[in-house]
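Both of the next two complexes hold chain A, though its partner changes from chain B to chain C.
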Partner chain A sequence: MTTPQRAPAAPAPATVAMLLADARLPGGGHAHSAGLEPALLGGLPAAQVPAWMVGRATTVSLVEAGTAVVAARLLGAPAGPPPGAVDAVVRAWSARTPSGALRDAARLLGRGYLRVARTLWPHHPAVAALSGAGGRGVRDAPPRAVVLGAVAAATGLPPADVVRLTVYDDAQTAASALLKLEPSDPLTAARWVLDACAAAEPHVDRVAACRTPEDVPASGAPQTEGWAEAHALENEKRLFRA
Partner chain B sequence: MRPGVAEPGAATVAAPGRTAAPTTTTVEVTRPGTPGGPVRVTSADGLLAVRTVSRGPDRAEVALVATGAVLLGGDHVVVRVRVGAGCALRITDVGGTVAYDADGVPSRWDVEIELDDDARLEWYGMPFVVCDGADVARSTTARLGPRAGLVLRETVVLGRHGERGGRVVVRSAVSDDTGPLLVEDVDVCGAAPVPGVLGGHRVLDTLSVLDGTDERAGSDRSWSSGALAGALPAGATTMHLECGGTVTRWLGDAAHLSPIERRLGAGPPFLEER
Partner chain C sequence: MPETQTPATTRPLRLGVAGPVGVGKSSLIATVCRALADELEIGVITNDIYTDEDARFLRSAGVLDPERIRAVETGACPHTAIRDDVTANLLAAEDLAADFAPLDLVVIESGGDNLTATFSPALVDAQIFVLDVAGGGDVARKGGPGIGRADLLVVNKTDLAPHVGVDVERMVADASTARDGRAVVALSRTDPASVAALRGWLLGVLAEYRAGTHVAHDPGPMAPHFHADEDGGILHSHADGDTAHEHHGQHAHDEQHEPARAPGRG
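Moving on, here comes the complex of A and B:
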């Protein structure tokens, strides 16, 4: 044997990225619209959806992406996750997510992702470090970005791919919801997903380089936050959790 | 020579010969030197001057007054505020601030706040208008000691009447002894509105009510999340931060229409209800 054997066989990081981005993975994402339903109910004209998707890809998605990158770095440390790492990342994320409605939505998604992570990578220290950390009171799950970071640490997903996966997943979630909320040609929505991802591309290296919780981008979107808060109080008109 | 305040109509205003060196205004309130006397107010003027309005045994009020045309391209205004343990300070702006058309030359406006244990600061800023051609980085950094309270009103307006407005990054970073409470960068440009950030709105009006964790008292944060909640204006979005405190926000088209403006005009100042 001239090549060292990998035992047990591990999938390539790119395969893990495809799995995580695949809507057929039962992670709970189908109940979310990545902010689209709150935006439309809040008055966003349908014609502005592509510009809104670009806006997300360059603001709130980068907060999530940076959170995942830093979580992956801390939880994937060669000596094992340092004590308090998860709490420090969650604290940084929550300070950058002023809307309680958006924090709740991210934790609901985190719960679904956590089930995936615990089932598929149950013994990895990065996944184990999520237990009992990152929650506050009844909201006892870390946000999705932190769980994604743990999965990235467990599977060797490179930071730049963590950023792209986060941006893509957000845009594709919105595009998928759009087909239910404002039915149109699905390929038009696919075009908008690619446009949003392209708009984030100049930010990928910067976000992928985040090392500490302080490094996580804080690019806010006040109108999105206002829509999310109003939507959380809306009981009758909504199809999606957030 | 700086152009006078009376000539804001000039198309492009720069500060000739001004380097990026900051001009710093400081104000510090500390306990009285003699028992029963008024608090001590120490200040130094920069592009903004400090005028003491009143002093009492545990509190002071000061006004910030522009000493010339502020803000011009190349200007770097720094305002440093420190409130000592157990003291309270109220700051009022005497007028709004205009970031003039600087033909894209960047300017900075940095506020650094330090509140010691049980200190309080309320700062009711007047509108900060970002004209076409202005490129402003505006930051507020605050460190809150245990049980310190901060009420901050910040109104950013894109453009004067008939303008779309220039570019401004509004950065807030508030922390206490346990870590960050609020970290936010809002990056907007009147010529390139982004749906979801401000959309087509020109006014970003924010009232932040924050307090420093009292680790001895555990999770009891009744001040910002309890009594004050009823005082926050309807018609705006109030967000409850994870570590306590609120950010109330209104996006609109004219500062005088803001429900935050109505609330502040109607009732007693927040901190006196503490």
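Moving on, here comes the complex of A and C:
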């Protein structure tokens, strides 16, 4: 496989969104369940999974989406990111993600995404600005939403698409994991993905308008946090990282 | 290692261990650790499907500091984790290397899969494919990417051969034929000579790796291939693969690929 030195033209932002939403992109996502395995182990009845997906799409997914949108704005600033911009976004995200297990999982995904970003857009300042934020260990890495923001800045992905991509990816990750955890007709799960995305649609403009770390939605889901913590202590029944 | 010269590379050698369920991959890794613990700094990553059973087995074997044995979740797709998306294993290998620097060797055990699962060279520098005599004397003849082209084929549990009616010499000869003479070790953890052969092979690979002369190669997935060339390359399918699929990283294409289905993600 050869990588052209100069691409004749940049791909359309929509193409980048499709690439990032495609589970075949090797970024480490296949080992994650977007909270589904923790939820089922914690006692969520399988019949409530579609409602649970809608719940995520209108709460925690929007925290992730807002984080990515703000990161993209700051990292894509024409004069370069303001000093401390990445740290400020990470702090805002951390404050809205109380579970240490979830933060660890998001940082692990961030490292995987960073491999993707550094390989595909190695010279873009928004991606380069994450250097040093990557660190060696899980705890030092930027969470995936921040890396997604850098990719969005590097590729011109519009804020509304960043929000929809984040919501979709979370729902589809859960749907894909569902087929391993509570096998059923895969098209049923696909329906639920669309329903979850539709439920988030009224929030898209609001979240896409986020400009500063303070703007990031603070719509938490405490039960999800609790399930994630319990799951992280479970060593014998895990298929997924989180 | 006895050599004191500066190694050509400081990253630990990453060694994959693949093979079907139950052939003794974990046991082989324990044997490697036992045989080399005095001279090498080793870390191990396991890829269990549903539990950290393998990691716990290795920890309980007492051959390595338990902290140096880590389990990685694979989302029920162990073959994806060693080939199509190696991210989780790669990050775990980086973390082990950072936490216990300087490591000489990181062994990555695949979740027991089938005869077609092999490691991507994006993850490992060299790989061992493991069979056992109890699986039947004819398995080696059946071939496949791991049997045919892994850096080393181990025919394990030779001590069981009399009980399962398998002729070890014949099985090894069949394997050698299927491999065009690539390395084969008939192993029993209770046979010191066979353990010495395994140890010697590994130290040889490590020496080559450090000298910069070892070339990681891909035993070959069974999927359509992208051939890069001056004109940009062509995508072609070896058989009935239903999805276009590129390899990440370059690899030689002078080997014969037998027809098979494209590996899926499930």
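Here is the rule we use: the second predicted complex is superposed on the first by the 229 of 242 C-alpha atoms of A that agree within 3 Å, B and C clash if a C-alpha of one lies under 4 Å from a C-alpha of the other, contacts with A are read in each partner's own complex, and residues count from 1 in each chain.
As a working rule, a contact is a pair of C-beta atoms (placed from the backbone, for glycine too) under 8 Å apart; a residue touches a chain by one contact, two chains touch by 3 or more.
Here the structure is a predicted model, which means the values were calculated and not measured.
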Touching partner for A:219 - first (chain B), second (chain C), both, neither: first
First (chain B), second (chain C), both or neither touched by A:48: first
Partner chain(s) touched by A:118 [first = chain B, second = chain C, both, neither]: neither
Which superposed partner A:56 touches (first chain B, second chain C, both, neither): first
First, second, both or neither for A:92, with chain B first and chain C second: first
Between chain B and chain C, more extensive residue contact with chain A: B
Footprint overlap on chain A, where chain B in one structure and chain C in the other make contact: 136
Residues of chain C that touch chain A when the two form their complex: 49-52, 72-77, 80-81, 84-88, 90-91, 94-95, 98-99, 226, 228, 232-233, 246-250, 265
In the complex, chain A residues that touch chain B: 35, 39, 44, 48, 51-52, 54-56, 59-60, 88, 91-92, 94-100, 103, 136, 217-227, 229-230
Chain A - residues contacting chain C, complex: 1-2, 23-24, 26-33, 108, 111-112, 115, 136-138, 177, 180, 235-241
Sites on chain B touched by chain A in the complex: 171, 173, 175, 179-187, 194-199, 201, 204, 237-243, 247, 249, 251
